[in-house]
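The next part holds the structures, each set out as structure tokens.
Here come two complexes built around chain A, the first alongside chain B, the second alongside chain C.
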Partner chain A sequence: MVGSALKRLMAEYKQLSLNPPEGIVAGPVNEENFFEWEALILGPEGTPFESGVFRTSLHFPTDYPMSPPKMKFISDIFHPNIYPDGRVCISILHSPGDDPMGYETSAERWSPVQSIEKILLSVMSMLAEPNPESGANVDASKMWRDDREQFNKRAEVLVRQSLGLPEQL
Partner chain B sequence: MTLNLEKIVKTDRITTGAQTISSFILFLYFPIGVILAAFRICLTINFLCAQILFNLLCFRDNMIRRAFERLYFAVLGIVHVQPNMKLHQRHCMLVANKLTNIDGVFLSILCNCSYACNEKHTSVLRWLLRIVNLHENPEQRMSLLETGNTSLLVQPESYPTCGAALLKFRSGLFDNEKQIQPMTIKLKRPFPISGGTLGSSWVQDLLWTYFCPLSVYEVKVHPVICKESEEAADLFRDRVRKSMSQALGIPCSNYDASDVEELIKRKKFESRRPQQHLESRQESAINPRTKMMAKQVKDILPHVPLPIILSDLVKTKSVDVTVANILEGVVKFVPETSISSPSTSQVVTKQPSPFKGAGFSRNAGERHMTLQEKKEAFLNKARENYLKKHGLQ
Partner chain C sequence: MDNDRSHDNLKEQDYLKDMPNHEFDEAVNTMQSSIQDEIAASTDLLGDKLDISMLKNEYSADDVQYQKKIQNLEKRYSHVRKTRGDGNCFFRAFGFGYLEHMLSDKKDYPIFQENASNSFQKLMDLKYPSFTVEDFFENFISVVNSVKEGVSHTELLNTFREEGMSNYFVVYLRLITSCQLQSDSDFYQNFIDGGKTLVEFCKTEVEPMYLESDHIHIIALTSALGACVRVAYMDRGGDDLSFHDFPEDSQPTLHLLYRPGHYDVLYPR
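What follows is the complex of A and B.
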């Protein structure tokens, strides 16, 4: 099982290197352990997170692609669908069995047909369009709904932080 | 009409429904039927010779000939009962429904008239049984009626039905007639053997008729229908059809001869399919373990078509080797388009990726270095963009 997971991860790594999607760089943290990946996601244009480069970690189970990987933001992020500790709440990362929010259809869930690229693109579109219904971060949900200006300001700070720039220029 | 065409035109000769007893009796009867049919075929040759004799002696309408023909038919298993068999008018067009491919010939001999049909028969048969081919000589048909020598029987349905409904009548058969004589026939047999089936030939119908101990035709002659002076041909056709369907107590269907032809074609096409089933059976001959392995490979590489995985697995007998073969390009394939998740609406950014085309090294260290470089370049590019956007550079 570990062998096939490794082979599939290798195939996906190759695919992502040769044909990288827009705004995404992903690969294993080190060549010794293919089950720990790091991915950089560019904040989509025209959103509060524009130009930010967010560092995320992906942890793959040994029975990948049967089970989905676990994804976590390493960079600080303030977003309605990301838990304060960085865990991402997105349907593609849930196996069809578990449904913590009870609203997802199984078509949007994880299956071996999905891929790392699809996960990262989903996360990117999630950054662009937060889903306030599944509030992983209640404060962020509230702010995003009620005080967008404040939310945008907060996002701006995070973008600078992610780029290694001082908070005030 | 909600009646299905396949219920009007039978596809199976023997309808064995819930009546298992009658099919059992049919099974027992089978050898007798075959002997009977053989005997009747010999008798038919005898009958045809007698017809030649009658024709040569010019007994067109003769009491002896009538009696002789009826006797022969009775022995051949074709019996008719008719409440009123007298034709209302001589020398006019007879229109009848069609139940088998041979009842036209039978009826025409019975009514002492010519029979117009679509099928091509040899000239000897045509002369003997007074058959007029519609395609070959339409003039002959006209002249037959004009000279007033005889009546002409037509079956405008063109295809035999099982008697559940009337098909639409063919155009051009009696469009020019001033009056026509409708006739209706019903067929009863002791066994559930239908008279004519989808695409059956007259030979088949004749042999099955001979096989049956008895085929009882109920022939009814209805009052002459006159065409009204201003009536259009198709309206007249419909009127005749309606009156015949009422007389038979069956509905008029919306299907016509061309629909039946389509059905024949479709059935032919479907009958060719079993070959494909054979192929799939070969595929299932691949043992279940290989299938399990194929499923594993498919899970790892969902974009690879299953037949290609299977064909390679049969050779390698190992999941790992097959996966390696596919990844290394030893096995060629056309990728399947995978079902993309509806939630992944892709965000399109305008700038082209600056990292495209960077190769994928076989060396782990090199690969890692490239990745680190890429990350760095990615971050720098984003930072640059940010500063440019905010006019801070």
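What follows is the complex of A and C.
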């Protein structure tokens, strides 16, 4: 099992290095251990997170790709679908049945032919389009719904922080 | 046993009600995985061949309806081989049962092998990235080829009992099913309800592991591989068993027993 997981992770790493999707850099933290990755995700254009570079970690189980990885934001983030401790709440990171958040039945689920690239692209579109219905962060969901201006300000601070810039000019 | 379980679940739910969101999620996950572990610990992925009369012990003696159905089953079938109830049972029963049959009767092998070999290119034509598919295909085709190369019955059984190999095989059967559905989407779309597109159906109900199979999965898989399967249905409906052949009017190679939510392998007399 560990052998097949490793082989698959190496194939995905190669693929991501040769054809990196726009706005995403991902790879193992060190090449001695392919089961711990970091990924940088660029905040999508035209969204409150535009230009931010967010650091995330991915932890792969030994039976990957039978089971999905666990993903967490290391950079500070404030978003309806990301728990305050950074864990990402998105349907593609869950197998069907494993369904505490009551995702739509048509929402894309984890299957062994999904990939790290697919996950990261889904997270990117989640940054662009939060789903306030499945609120991992209730405060962020409320603010997103009721006070978008405040939400955008909060996001801007996080973007500057992610780039190592002072909070305000 | 099912009754006990739902009773326990009710109690659990009461206590879960007051939890904060993320703790609730984790509690539910833990509960689900412990149920999965319990199933895993109590049944092999694939059991031994059992005398068909064993089935009688699974129902109470005064369950007239089922006891009568089992008697009728006994007239046609001598043995049953059980699979683990993990949602993959149809695929596992099909995969092992079909290859096991072809160990002794090679008649269906050439067409099966040909369809199996061509399946990878069909997935590539549907734009599946090769790095996500090739490991599953390689495992699958090497097991299929081992039948021609004279693998022993015990070796084949061990392959399907070893979790890694067995699940890799199931993943690929799911992909063949998905591929067939997508390749003939005009036909299959008619069977999909709930307003899903066929691609959505494949991504959410066919490709992920541990999801149960329906008629549509069986139709697609048997037609993709040119396989003939008879399913004996034993449920609470009607006084007798009912049978369905996939495809219709074919001469079945493999026989499966269906009881609500579960498939096992049957051996004709």
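Simple rule for what comes next: the second predicted complex is superposed on the first by the 165 of 169 C-alpha atoms of A that agree within 3 Å, B and C clash if a C-alpha of one lies under 4 Å from a C-alpha of the other, contacts with A are read in each partner's own complex, and residues count from 1 in each chain.
The criterion applied here is as follows: contacts are C-beta pairs under 8 Å (C-beta built on N, C-alpha and C of every residue); 3 or more make two chains touch, one makes a residue touch a chain.
Keep in mind it's a predicted model, so treat the numbers as computed, not measured.
Engineer: Clash or fit: chain B against chain C, after overlaying the two structures on chain A?
Structural biologist: The answer is clash.
Engineer: When the two structures are overlaid on chain A, which partner does A:K7 contact: first (chain B), second (chain C), both, or neither?
Structural biologist: Both partners, chain B and chain C.
Engineer: In the three-chain superposition, say which chain, chain B or chain C, touches more residues of chain A.
Structural biologist: The larger set of chain A residues in touch belongs to B.
Engineer: Does chain B (first) or chain C (second) touch A:S95, or do both, or does neither?
Structural biologist: second
Engineer: Mind working out whether A:P44 is in touch with chain B, chain C, both or neither, as first, second, both or neither?
Structural biologist: In the superposition, A:P44 contacts chain B only.
Engineer: Return first, second, both or neither, reflecting whether A:V138 touches chain B, chain C, both chains, or no partner chain.
Structural biologist: Second partner only.
Engineer: With the two structures laid over each other on chain A, which partner does A:P65 touch: chain B (first), chain C (second), both, or neither?
Structural biologist: both
Engineer: Output check: A:E108 vs chain B and chain C. Expected answer is one of first, second, both, neither. What do you get?
Structural biologist: both
Engineer: Superposition on A: which chain B stretch among 115-123, 205-213 or 277-285 collides with chain C?
Structural biologist: Answer for the clashing stretch of chain B: 277-285.
Engineer: Across the two complexes, find the residues of chain A that touch chain B and also touch chain C.
Structural biologist: On chain A, the residues that contact chain B in one structure and chain C in the other are 4, 7-8, 11, 14, 65-66, 107-108, 112-114.
Engineer: Give every residue of chain A touching chain C within the complex, in rising order.
Structural biologist: 1, 4, 7-8, 11-12, 14-15, 63, 65-66, 83, 85, 87, 95-98, 100-101, 105-115, 135-136, 138
Engineer: What part of chain A is in contact with chain B in the complex they form?
Structural biologist: The contact residues of chain A facing chain B are 3-5, 7-8, 10-11, 13-14, 17-23, 25, 27-28, 30-31, 38, 40, 42, 44-45, 50-53, 65-66, 90-92, 107-108, 112-114, 118, 121-122, 124-125, 128, 159-160, 163-165, 169.
Engineer: Along chain C, where are the residues that touch chain A in the complex?
Structural biologist: 21-22, 24-25, 28-29, 32, 87, 128-129, 131-133, 135-136, 163-164, 167-168, 171, 174-175, 194, 196, 200, 203-205, 207-211
Engineer: Across the complex, what residues on chain B touch chain A?
Structural biologist: Within the complex, chain B touches chain A at residues 296, 299-302, 319-320, 323-324, 327, 338-351, 353, 355-360, 364-365, 367-368, 370-371, 374-375, 378-379, 382-383, 385-387, 389-390, 392.
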